[in-house]
Amino acid sequence: MNILANLALRGLATGAVYALVGMGIVVILQTTNVMNFAQGDTGMFVTYLAFFMITTAKVPYSLVLVLTVVAGALIGLIVERFMMRSVRSRSHLSLIMLTLGLSLVFQGLAAFLFNTEPRLFPPLVAGDSIKLGPVVLSRQDIVVLLATIIVFGVLYLFLYRTKQGAAARSISQDEYAARVLGIPTPSIYMLVWAIGSALAGLAALLIVPRFSLEPSFMGLIQVKAFSAIVLGGMDSVFGAAVGGLIIGVVENLVAYQFPAIKDSFMLIVVVIVLLVMPQGLFGKRQQRRF
Amino acid sequence: MVPSRRRRLTANAALIVLVLMVPLVFRTKPSVIGYLNIAMLYALATQGLNLLMGFGGLVSLGHAAFMAIGGYTAAVLVMSYHVNMFLAVVAGVAGAGLFGLVIGFPSLRLSGFYLAVATMALGSSVADVIKRLAITGGDYGLSNIPSLRLGPWTLASDASRYYFFVVVLTLVFLAVRNFLNSRSGRAVRAVRDSEMTAAAMGINVAAYKLITFIFAACIAGLSGALYAFTISYLHPTNFGLTFSIGLLSMSIIGGLGTIIGPILGALFWVMLPLIIGAKLTYLATVIFGLSIIGSVVFLPKGLSELVTRVQTRLKL
Amino acid sequence: MLRVDQVVSGYGPIDVLNHVTISLEKGEIVAVLGANGAGKTTLLRTITGLIRVRKGSVTFDDKLLNGLSPAEVVRCGISHVPEGRHIFPDLTVEENLLLAAYTMPRSQQKSRLEAMYTMFSILAERRRQAGGTLSGGEQQMLALARGLMPNPRLMLLDEPSLGLAPKIIGTVFETLVHLRESGVSVLLVEQNAKRSLEVADRAYILVTGRIALEGTAHDLASNDMVKQLYLGGIQ
């Protein structure tokens, strides 16, 4: 029983990683209708900047956190303004290509500027693991879990308590109507990209100490994050968060019993979910099926 | 009409001579031929993807998995079961085709982003499963795969493989062209342009989507099998998401929905890192990324559009 | 107040409007009538800035609107109620209304919201309900209220009677008359010519992107050609 609880809770911590990345993807997806395959690598690139701020420039961690978020937001603004805006009405295929191209640019730049050797990222918080009853969690895991809850709360407040959030939701339902009503849609698109990309930076920075910093370190995490948003129904931040946590827990439990299929199990589950209930667990929008 | 046709014939003849001459020109630099061979194999796999995306309008982020299945099936059959190499290649193609059927099923119900995620998930899991199996060498990879044999001849040199691949590539490209010009090909394109209209015209949309997927998978499987016997080494991570995205990039950069696009894209992909040198090799990735963005924004038909534009300018 | 002068606009390679000229004075209801595809909706979209003006000019109180974004046009005092209502289905009635006054300061938003709830009491009852759960008539009321939220001096109304029961159509047109009394001008695009000519002061007949006829609503209603083509024959 203790083992199971431990596994589940550690899985929750892993799931929080997927949830963080997934929420950023969903925020952009639901308003702009762009599935950002560069989400992970945006975060990766920003994390390199953070790495040098910490190790070379000795900037304090809290300030690095802020700067990382700002850098992510800036990247989002630039991407929206100079890339996505001109091609907004293109097909899904073109949009996928564009963000894939962007992800190659980030990977190539990171490898070119900082080389591909894995680097150890200093831990977020020093100190021993913490015992919660029968369960042991590292401080790192606790920080990531807390961050997931906070990010979810902030996103919720943004979407449901601010006029910009309401505008973002209105665009996702009826972009034409939003423009007719005089909502400045271009600035909402920029805002949403900024928030999504800022989240990419934040997520990558929070989780990198668990892995090692290299240009490809976000690859598998991003695949899992996509799985999380599929499970959650593609159009809800809540779904992405819960989907990520579920994947983390199930994956960890499966890995304990059948280590060989740890990574593929959830991927197959996701394909089945897509086929059987494409609206996911919490999605509203029915995807176009034929 | 006649002069332009004669001009085209001359151009084609010149192209053929040029292609045949390449190994002679680079006789002192066999590595160049080796890279051209890789480019041709990639072009082969890309042609399948191109068929899927450019003509079928279906996206696949797991195309490298077909190559992996073709390659591993053929290599394992030859190495562990001593199957005749030709039959092994056929089995590799069939295996990839079978998996194409499996991946093709989601495509019947999913489109756009959903299909992208589904193929990405399936593709990643194939690489992952191969990594866990013992017979495939697992995480150590599969090495010492025998060289390509054609009946009694072993194609040990890069030049000999070069000519063989040119023939294979030509045959496959002709097959793709004939497929596209056939009844089925027209149906596939109709499905891409509008599923609804195609269905209303009595086209069995599901069947043609599956056919496209299987055909594309078979071509990629062939590419993978030939790759295994050329490089003599397979490793699962070479066929993960990164390479799937690589194949996708090749077809985008070369130009979707064109027959010569895959060759241009694959040549660009393989040759660019060589041209800019080992020191700057990662800069090539940046250039690839920018090329993709550039082709989507400015040249929807990729490099092949540039070629066409130059051609029209030269009145070839 | 509103002058559309020799305007050419359209989609892609096609010009839908060919040198259209219309005008509207303060406190008027002006109807633009015409068959499907005549360019009525295109005209409204051009005024709002949803489509670019290719030639000619659109001015509102002597301010040139050419090239302004829809958001800027709304700020000038023109609102647009689109055809088909376009209610945000998953947003509450209140959110739908507030979004229509996006650029307004918060205090002003509140008072406009209250004004809307007094004018359309049904919306006050439904304020927390999702827009998609409203009936067709209620949605049209919401659409009208959204148009009035920014406190416009001119409201562009696209086919407000489409798909509504006759009784509700009556309510909609009554609202227009009320609006005129309170000083809001209305540019009304309709296929329901009879109803429109009853409430309008003046009207234009749009035929394949050109103004074919214009005059007071009274004159047009008794014009034989109009009777035959748009009013269902001579009664």
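Labels for the chains are A, B and C, by order of writing; each one numbers its residues from 1.
What we mean here is this: contacts are C-beta pairs under 8 Å (C-beta built on N, C-alpha and C of every residue); 3 or more make two chains touch, one makes a residue touch a chain.
All of these numbers come straight from a predicted model, not from anything done at the bench.
Among the remaining chains, B is positioned farthest from chain C, on the basis of C-alpha centroids.
Closest to the middle of the protein, by Cα centroid, lies chain A. Between chain A and chain B the centroid-to-centroid distance comes to 31 Å (mean Cα coordinates, whole Å). One inter-chain figure worth recording: chain B and chain C are separated by 55 Å, centre to centre, where each centre is the mean of the chain's CA atoms. In terms of their C-alpha centroids, the spacing between chain A and chain C amounts to 43 Å.
Of all residues in chain C, none touches two or more other chains. Residues 29, 35, 83, 86-87, 90, 92-94, 96-98, 100-109, 111-112, 116, 216, 219-220, 223, 226-227, 230, 234, 260-261, 263-264, 267-268, 270-271, 274-275, 278, 287-290 of chain A touch chain B in their complex.
Touching chain A in their complex are the following residues of chain C: 48, 50, 69-71, 73-75, 79-80, 82, 86-91, 95, 98-100, 102-103, 146, 150.
Partner chain A is touched in their complex by these residues of chain B: 53, 57, 59, 61, 105-106, 109-114, 116-118, 120-122, 124-125, 128-129, 132, 195-196, 199, 205, 240-242, 245, 248-249, 252, 280, 282-293, 296-297, 300. Against chain C, in their complex, chain A makes its touches with residues 163, 166-167, 169-170, 173-174, 176-184, 186, 284.
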